[in-house]
Structures are given as structure tokens and as C-alpha cells.
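Each chain carries a letter (A, B, C and D) given by its place in the written order, and its residues are counted from 1.
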Amino acid sequence: MNLRHPPLAEEKVFKDPVHKYIYVQENLIWKLINTQEFQRLRRIRQLGTSYLTFHGAEHSRFSHSLGVYEITRKIISQFERSAYPDWPREEKLIALCAALLHDVGHGPFSHSIEQIFDTSHEAWTCRILLENTEINRVLREYDPSLPEHVAGVIRKTYDRPIVISLVSSQMDADRMDYLLRDAYFTGVNYGTFDLDRILRVLRPYQGRIVVKESGMHAVEDYLMSRYQMYWQVYFHPVTRSSEIILRQIFRRASELYGGDYPFRFILDPLRRLLDGTLGVDSYLALDEALVQSVFMQWTSEPDPRLSALCRRFLHRRLYKYIAMEDADDGLWEEIRSEFIAAGLDPEYDLEIDFPYDMPYDVYRPGARSLTEKDEKPPILLLDGEGRLSEISERSEIVRSITGLHQGKYHIYYPEETVRESAHLFRPHIRAFFGFL
Amino acid sequence: MNLRHPPLAEEKVFKDPVHKYIYVQENLIWKLINTQEFQRLRRIRQLGTSYLTFHGAEHSRFSHSLGVYEITRKIISQFERSAYPDWPREEKLIALCAALLHDVGHGPFSHSIEQIFDTSHEAWTCRILLENTEINRVLREYDPSLPEHVAGVIRKTYDRPIVISLVSSQMDADRMDYLLRDAYFTGVNYGTFDLDRILRVLRPYQGRIVVKESGMHAVEDYLMSRYQMYWQVYFHPVTRSSEIILRQIFRRASELYGGDYPFRFILDPLRRLLDGTLGVDSYLALDEALVQSVFMQWTSEPDPRLSALCRRFLHRRLYKYIAMEDADDGLWEEIRSEFIAAGLDPEYDLEIDFPYDMPYDVYRPGARSLTEKDEKPPILLLDGEGRLSEISERSEIVRSITGLHQGKYHIYYPEETVRESAHLFRPHIRAFFGFL
Amino acid sequence: MNLRHPPLAEEKVFKDPVHKYIYVQENLIWKLINTQEFQRLRRIRQLGTSYLTFHGAEHSRFSHSLGVYEITRKIISQFERSAYPDWPREEKLIALCAALLHDVGHGPFSHSIEQIFDTSHEAWTCRILLENTEINRVLREYDPSLPEHVAGVIRKTYDRPIVISLVSSQMDADRMDYLLRDAYFTGVNYGTFDLDRILRVLRPYQGRIVVKESGMHAVEDYLMSRYQMYWQVYFHPVTRSSEIILRQIFRRASELYGGDYPFRFILDPLRRLLDGTLGVDSYLALDEALVQSVFMQWTSEPDPRLSALCRRFLHRRLYKYIAMEDADDGLWEEIRSEFIAAGLDPEYDLEIDFPYDMPYDVYRPGARSLTEKDEKPPILLLDGEGRLSEISERSEIVRSITGLHQGKYHIYYPEETVRESAHLFRPHIRAFFGFL
Amino acid sequence: MNLRHPPLAEEKVFKDPVHKYIYVQENLIWKLINTQEFQRLRRIRQLGTSYLTFHGAEHSRFSHSLGVYEITRKIISQFERSAYPDWPREEKLIALCAALLHDVGHGPFSHSIEQIFDTSHEAWTCRILLENTEINRVLREYDPSLPEHVAGVIRKTYDRPIVISLVSSQMDADRMDYLLRDAYFTGVNYGTFDLDRILRVLRPYQGRIVVKESGMHAVEDYLMSRYQMYWQVYFHPVTRSSEIILRQIFRRASELYGGDYPFRFILDPLRRLLDGTLGVDSYLALDEALVQSVFMQWTSEPDPRLSALCRRFLHRRLYKYIAMEDADDGLWEEIRSEFIAAGLDPEYDLEIDFPYDMPYDVYRPGARSLTEKDEKPPILLLDGEGRLSEISERSEIVRSITGLHQGKYHIYYPEETVRESAHLFRPHIRAFFGFL
């Protein structure tokens, strides 16, 4: 019991479409939700540009963060009810804070911005936890060591690995919520799996969360959902097309800024992003409303490249795409040459996309995640004799989805522009693009 | 068959969480969806500030507009399949266009802006249909009279009233979609009714859409859903609180603008809103991203009232509220006097809210809608002998929900500010606010 | 802790389509479920003959009984979690037993059999609790006074009325489960309401279960669901038609049995039903499989009335029906006379049905239930000052559905038989039946 | 247009929980549904004894048959709407009849009865179509060749293979309905897949139904659902345990009947099953009500084996089971010997179960189904150039689930009986059974 944080007189409840209700029983959690840094997550979409493919996918990181908190709360509450000896009860509040706050460092269209400007939402999460913010103040009031502890969980350096694995592992609360939530809001039904059943088979065991052996089929079902969401939603080529345009806007703005181009309009947080001087305050002001508003102003910038790209993004004039077989490295080189020869700009008029360059990964046992550069603990099955085995050793289904080789390469390009120059291509390249 | 609009080679399909799929079979509809004015609806939320109460309610008018189109398409397709003689087949495309475009004139947080600046989204819809826009161009290309016909449906002057009643009546495609959609995204299950069954009992009859008598219970269920959504979602006092703050921001900005206050920051479309010179182009640039970005900048305006209100809105520091019994006119006057006596500003520190001052209305037979100033055709039951009766004559349930008298008045106020001056109130007013 | 009933080593779980999972934590409950008397409920349909109208309604009283248990368990578990002082914790197990076993005395097609043979499923439930059965043995082993206590709850004489009101009141676990379950299995969506929200607003208070005032709209929604289910499912005229045939079969068998008709085939439990000598053992053998098998044999009984009725029931050759306005008593008498004059048998060829003669009732505040002959406690709202008010005083919606006057009378008759004699009717009676 | 079968004046509609509504537009279909042979399917459960594992699984073959009809109707209606040239429009009615009637020959607990008495529900379906039944009469009235044509589809000899593949192939209307329906009624959510999307990617092509290439992920999802249902529901060891008891009852009755045992009670259709003289009439009288009623009477037969087995079945006293690794053939032989040595009867006290001995199969490309003895057409993908490929060539997921090797062997036995003799077992066998 913390004197500055008396328990809530009454449980607080949020109506949530995925979990029905989200229950807040701790004053600390309630105060964190009401900080301006957490409320800002309402202005960051959970799925970036996916709403241009699935019009329902307009949900924010705010609702996802509440969902991750709620799943974590349910897992812990079941661990407590069953009185499992391997669950350290004193870690509850740290785990709940880390679950709630793990995405608080996300910026607008994070994936694209992180690629172009080499930032990291996890680093920003830690700065928001540790620097001069409302979140930091609320945490410190409760316990001066709390900001550092929660940041430790985010950085995966906290000394109780079981807390880390609740929030970050191959079957953590984060993934469970986003699969269910993204499925709900896009309207696809691939992402649905039996959360109640998964929760019932989780066990704290020797410093990690493992799965009771009898839950293997439930885990297979969860991994299949993930696999389907990966290919049907997260890697959808139309979404990729919109991300390419977004990256090109940032790239162009960066080139112009570096070249002292006199922007008719710019807002401070974006200027700081371009010149690399973002601090916590300006980062927090950098939300999707700001990015979209600047893009709207930029539709009348004199630089024709920049204004055209912004119009494409806002009016959804996306690049067309064509699938290419894996092995066609020669073809790709040839296309680039033809583009250059025809006077097109291969930096803007042609992109090739390798689907695995993404923040989502399919299950890979013990492997390094592709972009996050760190290993996620694999899913372990616990048998009746206390032995652990990694799930892909046991399930052929899981083995079959651990690879990534189904993805095709896609070529993206502005169709009208390319069409105008297509008469300069050699015939088989013309045919490849369908310009006959 | 229109030569400039050949049929689509293949049906287009949108994944939609409410209707599963939305089917586009006409090239004209496909082109309208891809105009920049229609794409802009992605930047206008369907439920205004309700996302501050129900965090899932982040869906846009874009998805709602597609939904209204889809329900209209289903109704017409059933009328055609059953070959009802009272359905004028040649009106199909006009009805579909009107369904799709009926909300295209909505601006950001429409309800608040319309109240403060006395604009009308329906008037803007007509201007967007008729002036120099992509939508106008696409419609004219198909048939030069189409913009005017569609605008006629919006204005309710079109000479085939059955088309109007599809899009605007007590049981139109608009309401059916928003009830289902708002229920889905908020996560409440009050708004769900059996759409398939409703669609099966609709009949075109003598220039209007009526309901087969045996469908009375289905209509009761639909009206009950509406009633529940009205009180549980649309009139939620927390949402009202956020709207009050929004209106105060616009009111304050308007006062400052009129008083030649030198805004440190403002964007052109908003300036034009303030000085009443909005044209179609600037209106179209006025989306919720822009409004939120300006508010974010205004959090550091020197005017303390304006900056504080913007912080309240963005960081969700809403006004508190207290319910007051209907009859307490005396109490209300007394509270106002006490506020003035205590040096508080009754224009900003105190608001009273009458819940019927809203764009949503419960069912009222043949009555004028409260804010839209025009009569919506009531729901008529058709019996086996071709006689019509208005549903509230037949159903006691419906009669019981046609009134509005359940609403309480609520008083809204900034708690911290009022608390500071509360010692100056007379004791029973202090007690009313709970300052003891 | 009871030594003969050690706690279950591990929680038992049933997969349930309505509540997702049903959790059994007490050894006593587990043993009760496994008694032969409880397992027999698998052979008694929850909705009697409704499966002839809604083909999905094939669910048994077994699943409903588990559902009532689960809702009761959830309510109590929330009362315990919130540590409400008015909940007597020591009553938990008695309440759970009563919830689980409240329907164990139901026989096949109970409603029809109770009407014809004047039996009562509640009386049978008590006999099964108290006489020589496995259920009695399991209860006694736990505590010798348990059978009598549980029977007291069923009979509503138990001295802790709050336990009775959990299982039997206007908003008890029984009704909540059957509305949700019957909606699920029939496939109508009228019966769905927000169970989680209802559970959150229930409070134990001064010996009864009441509803927090802020839950009024949730209760309205529940009562509307009940009202809709009542008219759309429970009173469906096709179901009534099949019940009439069932009652006629029992009536005919009774007449024949009384007249010493030599049945070619009969089974002992049915014989005992006919001669009024049913004991617990034979009652328990009287399930729907037995009734249907005997009917199948009776399709070749020499008595033409009996065999024809059995064929009608098994092959779903139901009686036709016509609605009649309430006031037409004169018409009804006239029709009877015409039937007699035309040589038809008004005991079998003509039935009039008053829809309120049913085991389901709409909400009536404090009123006597129509057929169960005893008062159900009404729904009380609890305000912040601890004052109670009956819900229909507060809600106009509820007042509007407390009456029963919507029901029409229906006349049922075997169409082919009546058609043959219709030329003997006077013209306006012929016209009434549509024989022109 | 057939004169004896004028079109229905109005579309008939059944409420269905899985497809929402089932639409009947043809008089012929309406008449077939109302035959006594089709109505009899209400007395045959879709999932046999699975209701003893999943209490919701009480649905009948009646509702499944309507569902198969509805899916077939939807597929054909889409083929017609898209005017695919490879769909033979004149086959519509034959396909709908075959879909509706394909299961009409199922008896009670078909799988067990077919194993013990070597009958075949498909042969019975054909007899019911072709012999003296109401179904035969209704079909002949429409067209004298119709019974033979529909039987041809059932026998897979009909000369338009595309009609056969609608009703019987690796992705036919039968499987699609039962997966969705069994998932709905058991309450598991493994069986749900996106039916609308599957229907949209089906194409009639060169005499078969194929899948558009872009639908591959949808098919993977469908096959994963099937795989999950296979292991979670259809092969559930508790269901297998109840089937073993059922088979033992039939086996014991058969032995007794062969040995001239004087049954105290038996009903004619069952006697004919035992002596192999079932005709269509007696087969149709053999429903699950009859089987359960006879079992109920047999609980007091003097033969102790028979009466004990019937009590086990009715009161759900199932055999216990233990999993055994695949390779343990030696262990299995040893257990049998120990049972014999200990005086137990290995014919009744011990069963081993190989999970693939079942009417359900996972997907196997072009392979013979395990028990139905005939090849099901595999799933073919159609690419843009009109080339076909079998799906498991393209999808590693599908390859990973085409085998059957995940199943463990299970040993089933009556625990109390075996426990009594267990002291006679050698220690490691005792340990294997957990009798320490």
C-alpha cells in the first residue's frame, strides 16, 4: 500500500470492443492513463497506413495499450488465483505499468519514420519514462525507483526475466492484443483465436512464462492466426505501397532540408525531426495530426516532387505494384537500367519491396527478430514431468510457418508517369508492366 | 449503359467489419470513392469527440459512407430481385450516389462547428456536388444532370420521394449503418439489430418505403436499439463535456479574432472559418488533423483562456458534471449568480446542457427533427389489404420511446477552478457541488 | 472444508457456446453433474417443441442448467470480490446447488404434460432432491441437511431470501441464461443483452439482489430482450400449433386409457403417467426419447385419432392458424357451432389459443406470474442514498412492456379435415377460413 | 417451369444460427423438406455422441442438411450472377436436391452402427431416393428421372462431375457447413473461417470447382480450421470413449441375439438391424430416440454385460483412457496378456483406438479418404493463365497438415473393473495404469 496512491474507491471500467471491458483497480494505473503523454497515443494510429487498405483500421495505439494492460492483468490475476509459486507477486505493478506504457514512445507512422530517420520507439519510450514528463512524475510519486524499473523491462535488462516475457516474447500480451484488435478493426477473421483458452494454459515456470503441454493446439491456432494476419493484413501490398509513398515524402523533405530549400510551411517538431534535434517535448508534439496537416500544406509547396507525393498520400493515389519471382535479380537490374535510360528517376519512380523488412515477424524459434535486433524468447511447452520443449520441435504446423519464404518481391511505381515513358523501354520490359 | 463509364471488369470489394464486405459494381461509384473529396472523409471522425468516452470510436465518416452505400445497394437489389412494381428501377444509380455522398459536406467535429459558426453540412454537401470538385466532374462526365439530381435528393426536393426516403427517413440507410457501426466500434451491444430481417420487410409502396406489417417487432427492436444508443452513447455526459470544451475553444477563438488578437499561429482554412469566408477549397482543407494541429500550437498561445482550453481538449482534462432535476430553474439561476458573485466567468466556467440539443433524435412520428429543422417521414406499416398505419399507433413500445423526457439537465464546470472559489458560495450551493 | 469432499485437484472446465467456459471448482458440484438424474437432462429439450419452428433450438436442459450454475457462480464471485457486507458468504454452496439443480424435475415437453396431467416440475425437483436418488446421496454425504436446504430454495421457503432471489426472481440467473441461450440456439439476436454489465450493477442489499441505479438502462435492455424473445420465440404460433397437437395426443391417450382401450404398445413410465402412479424412478425414466419412441409406435395404433395425431407430430404436419381480434367472442362461439353442425369435433378439430397461458411471462412489477401461481420479486433500483424504487416507476419503457395486451387470439385447426366440411359452413365463416 | 411445381408464391425462410437465414425459392425444395423422411433427420444428431464431450453439440442432421443446401444455393447463385460459362445452369435443381438430401440415409449414431453392422449411409440415401418413400414421390412428380439423377450424384456416377464436386469434394458444401455448424454448437472457435471469401474465390472450370489463385490464403485458413476441428472436436478422446461403449453395446446385443438370448425388451427396427433384415420402412423408424429408449429398457436386462454398458452410456460413465506412444506395439501385446491373465475380458475391458479410423479426414491431395473408400477431388488453384495446380504443391502450410501422424494411440478401459484386478498385473503395467 502506497500512501500517496490510495486504492481507487471504485474500480474504473473502460468499454472495449475486443475485451468487452478493461478494468482498472489501481490508482497508479488510473493516473498514468490520464497523463498527457498517454492521451497523446490517441493521435497515433495502431496500424500506420493500413487504414488506406482496410478502412476500419483507424484504431489508435491508445486502445491497443489499454488492451495489452488488460491481458497482462488477466494473466497475473490468474497466476495469483492459482497461487503458482513461480510467480513473484511483488512484480505485479511493475508488469502492469510496463504493459500499459510499452508503446508510449511510438511516433506517427513509426515504421516509416524509424527507417528514414533511424530513430527507435523503444528508446523514446525509455526517455519518456525517465525524463521530465507527467508519466515520470506519476511513477516517481509512487516509488522513486519505478521509472527505472519500468524502463528496465522495456530495455529487457530488468532482473526478473518473467516480467519481461509477459510484455515481450513470442506469445506476449502485446502480440495477443494486437492480433485480436487488428482483426476486429480491419474486419478480417483470421486473427481471432481463443484468448481465454490461451490464458488458461500459461504457467509461470522458472523465470519464464511457458505453456502447459495440453495447450499445444491452442498455441498452433494462435500462431496460425499470426501467420494469416502477417500475410493478409500486415504485409498487404496496398499498405506497402502507401508506406513507400510516405517514406519518399520524408526522404524528399530530408533532401530538400539538407539543400536549404525554403519550405513555405513547416512546423517546429517536424523541423527538429529533419535536423535531428528532437527532444522529448518536440517528439511528443509530433503526432499524426501534425504530420497530416503539414502534408496538406505541402500539397502546394513549389517543389513538384514533394507536393505531388503529398497529394498522392492524402488523396490515396497509390503506386501500382507487380509481383516478381524471387530469383529474378537480373530482371530487377534490367528494369532499373531501362528506367534510367528512359529518363525516369529510380529513386522515386521505382521501388522494390522485400516483405520481411517489417516490424512483424512470423514465429521463429529462438531466432532474432528481423528488425528489432534482439532475440525474443521462444514458446516452450511444459509436460507433466516438468520438462520443457520448444514448440516447433513438437508441432509440424509450427515448423511449416517458421520460415518467411512465401513472400514475393513486389515492384512499385507511379503508373501514369511510367506509362508516359514506357515507349522507350525494350519490348519485354514493356510487356512486364503490361504496356502493350 | 454509359460509354464513358463502362462497367467494371470485375466487382470491387472492400472488407468492412460491419457488413463483412462492401460490393462496388458500377464504375461511377468506384470513381466517386477515389475522388479527393471522398477520401478526405477519412480525416473526419464519424462520432466527433465520442472517442474521448469510448476509445474504440475512432472510425471515420469514410467507412460510414461506404456502409450507407452498401445498405442502399442491398435494399435496391432486393427490390429488383422481387420485381416490386413500385420501385422505379431507373433511379438506382442516383440513389446509390446520394447514399455514398450524403455526408461528404461534413467538416471536423461538425456538430460543434455548426453550432458556433452556423454552417450546415448539408449545404456544403450540395456545394461540393455542384461546384468545381472532382466529385462534380465525375458525376457530370456520366450525365450532366447528375450533380443536380443528387443534390436534389440531399436537399429533399428531388421529384421521386422514394429515393429521398431511402437516404433520409426514420428508417433510412444512414441511420441503419450508423447504429450498427457505432455499436461495433464503441463495443456496446445495444445498437445491434437484425439488419437482414429489416431489409426483408421493407417494401416500396406508392412513392415511399414502408414496412410489411409482420415486421413490426423487427422495427420495434431497431427503434429500441436507437433509443439505447441515444442514451448510452450519443448523449453520454462525458462526450457532452468534451463538446462543451470544443465549443468554448471555437467561441474564444472567434472572440479573439473579432478583437484583432494577434494569433501566434493560425492556418488559412481556420482563419476563413473565423472570418466567414470559407469557400469549397478551404472548407475541404479543414479536416480534423488540421483542427487538432492548430489546437496543439494554441496550447502555447499567450491568451490563457484559449491555451488552457486547448490543453484540456488534447490532454482530456474534461469538465466535471452534476445532474440536476428538470424543474430546478430557480437553482440554475442561483448558481449563475453565485458564480458571478465569486468572480467566476459564467460564459466559460459554467455550462448547462439540455440533452435534446443534438443531431440525433429518438423516433417521433411525423414530428420535426429537433435540430435538422425538417420533417422526416415516419415509419409506416403496410397490412395485407394495402392499408398503411404509422407504427406508434400500433406499438405501445414505440409510443413509450417517442418522448424525450428522460434526459436530465447536466451542469458542467472546471472543477479545480470552481473549487478555488467555492468558499465564496452560499452553503447549499457549496453542498450541491460537493465542496464541503 | 468437508472431509468427504476434498477440493478438486484442478478446476474442471466445460466448453460452453454461451458463456465460453463453465468453471467447476467444488467437488460437490462436480459429483452432482455426474449423477444419473442430472445426466438425464440431456434427454429433455430446453424449449420443448420449439425446434419444430426454429431448427437450431435442439439444446437440452442439461446445458441450460450448467449455464444457470455459471451465472450464479459469477454473481457470487463478484459479491465476494467486492466484499459486500449484505452477502452471506456461507450460503455460496447452497446457492450453487440450487442453481444447478433447479430444473432437475423437468419431464419431457413439461409444459404440455403439466397442463394435461396436472403435475409440477418443481414438486418433482424436490422429490428428486429428497427421495432415494444419486443426487440425494451426494448432497447428504456432504451435509445431511443439504437436500432439505436446497429443496427449501426451490420451494421458496428457505430462510435466506437472498438465495432464493438469485435463482428465482424477475432478474435471476435462470432467466438470464435462458434468454441468452435460447437466442444463441434459435439464432435470433433479440435475446442478447450485456450480461457482463448486468452482473456489474447487481448488489446484495437487505436480503435481496437489487440493481445500482446507474444500471437502469442495462435492465431496460434486458427486459426488452425478454419482451422480444417472448413474442418472437416463446409464443410463436407455429410452436403453439405443435404444442396443441402434443396436448391432444396426451388427451386422447388419456381418454383411451380411461376407456380401457387395448394399446398395442405402451411403455411402463407412460402407463404410470396415464394412471397417475408415477414414482421418482418411473418419472426419471420418462424422457423425450421415450415419448418420441412411443409416439412412433403409436403411428400404427388402430385408434385413428391417436395414430393420426402421432404422425402429425413426428412428421411435422401442424395445424394451420388464423389470428382473431380480441373482442370477437361472438365469432368464436359461432365458429364452434358451425364446426359441430358440420360434423367436426370441436375437441380436436378446433382450438383457440390465448398466448398468456404460458410458462414465460413478461415483466410485471410485483405481480403474480401467470402460470406459476406465485409472486416473483420485482426489480429494484438502489440509489446513492440507499433508497429502493421498483423499476417500472422509473422507466416508461418498462411500464410499456409490463402488460400482455399485444397478443392476438389464434384459432388452430387441421386444414384438410376442415376444408372437406367447409361447404357446410355459412358463407362468412367459410370466408373467415379462406375457403371460397 | 414445371406445372406440378409452380414457383412458391413467396420465398420461404428458415432462421438459422449459422447462415442467419436459409432461403427456399423452389416449390420442389419446400416439398422435400416437408417429407417425413427429411423431418426424421431431426431425430438423428449431427455429431453422434459428441454431445457427451461438448454439451452444446446437440444439433441434428436436419439443420446441417438445410445448411448444405444453403451453401450450395449461394455458390450456384454466384455462378449464375457472374455468368461463368463453365457452370451448366440446367443442373441447378439437381445440385440443390443432392445437397439437401445427401445425408437422408444416416441412421442413429451412424458411425458406430456402420462399423458393427457393415451398413452404409450412402447406400441407404440411394434407397430412400429410389424406393417407395415420400421423397421419391415428390421427386418423381417433378420429373420421373429426378430420383435416379440425384442418386447418381450421391453415388458419384452422375455424368456432370461438377455437380458431384459441389456436394462431395475436398472443399464441398457439406464440409463447409459442418465445420461452421459444429464449431458454432460446440462453442469452439477453431472451425470458423471466412465463408463469404471462400465463396467469392470459387470458380466452375472445366467440369470442376476450382479456386482462384488469390484465394490460396483463404483456403489455407479453411484447411487449418478443419485440422483444428479434427483434433479438438472430432477425435476428442472422450467422444471416442463414448463411441467405444456404444459399439460394445451393439456388439453385445448382436452376440446375444445370435445366441438366442431372450431379450425382455426389443423393438422391431432394432431386431431387424440385428438379424440383417432392415428394409427402408424399418430403417426409417430406427432413430436415436428409439435407440436411447431401448437402451433405457436394457438397463434392466438380465445380461449383466449388456445392462451395465447401457447404464454407462445413458448415465455417462465413460471408460478412462491413457495415451500410448506410437511405437509401443510390444507394450500393447503385453497389456492384453496381463488382462487375460488377470481374468479380465480383453473384448470388453480393453480397447485401443487409432484416431484415423474415422469418417473425418484431414486434407490429403488426391488421396483416398480413409473410410469412405473413394477418392475426393483435391483442391485446385487456377492462375491467371488458366493453369491448375494442386494446393499442397503451392502451400507449405497445407503440406504440413496433410499427414495424420500427430495422433496418439489411446487405450480405453473401465477403471473400477480394472482397478479390482490390477494387483494381479506385473508392476510396470500397474504403474502404466497409475495403480500404485
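Please note the rule applied: a contact is a pair of C-beta atoms (placed from the backbone, for glycine too) under 8 Å apart; a residue touches a chain by one contact, two chains touch by 3 or more.
Note that the coordinates shown come from a computational prediction; the quantities given were computed from them, not determined experimentally.
A.B. asks: As a test of understanding: of all chains, whose mean C-alpha position lies farthest from that of subunit D?
C.D. replies: Centroid comparison gives B as the farthest chain from subunit D.
A.B. asks: In terms of residue numbering, is the interface formed by subunit B and subunit C classified as same (over half shared) or different (under half shared)?
C.D. replies: Since more than half of the residue numbers are used by both chains, the interface counts as same.
A.B. asks: Between 0 and 180 degrees, and as a multiple of 5, what angle does the rotation take that fits subunit A onto subunit D by Cα atoms?
C.D. replies: C-alpha superposition angle, subunit A on subunit D: 180 degrees.
A.B. asks: Please work out the Cα centroid separation of subunit B and subunit C, and write it as a whole number of Å.
C.D. replies: Subunit B and subunit C have C-alpha centres separated by 44 Å.
A.B. asks: In whole angstrom, how far does the Cα centroid of subunit A sit from the Cα centroid of subunit C?
C.D. replies: Measuring from centre to centre gives 51 Å for this pair.
A.B. asks: Residues of subunit B that touch two or more other chains: which are they?
C.D. replies: Subunit B, residues with two or more chain partners: 20, 188.
A.B. asks: Going by the contact rule set out above, which residues of subunit A touch subunit D in the complex?
C.D. replies: Listed in rising order, the residues are 188-190, 192-194, 217, 220-221, 224, 227-228, 231-232, 396-397, 399-401, 403, 406.
A.B. asks: What residues of subunit C sit close enough to touch subunit D in their complex?
C.D. replies: That would be residues 14-18, 20, 34, 36, 39-40, 42-43, 51-52, 54-56, 58-60, 62-63, 66, 184-188, 267, 285, 287-290, 292-294, 296-297, 311, 314-316 of subunit C.
A.B. asks: Quick check on the complex: what are the subunit C residues that touch subunit A?
C.D. replies: Residues in contact with subunit A: 13, 20-21, 196, 200.
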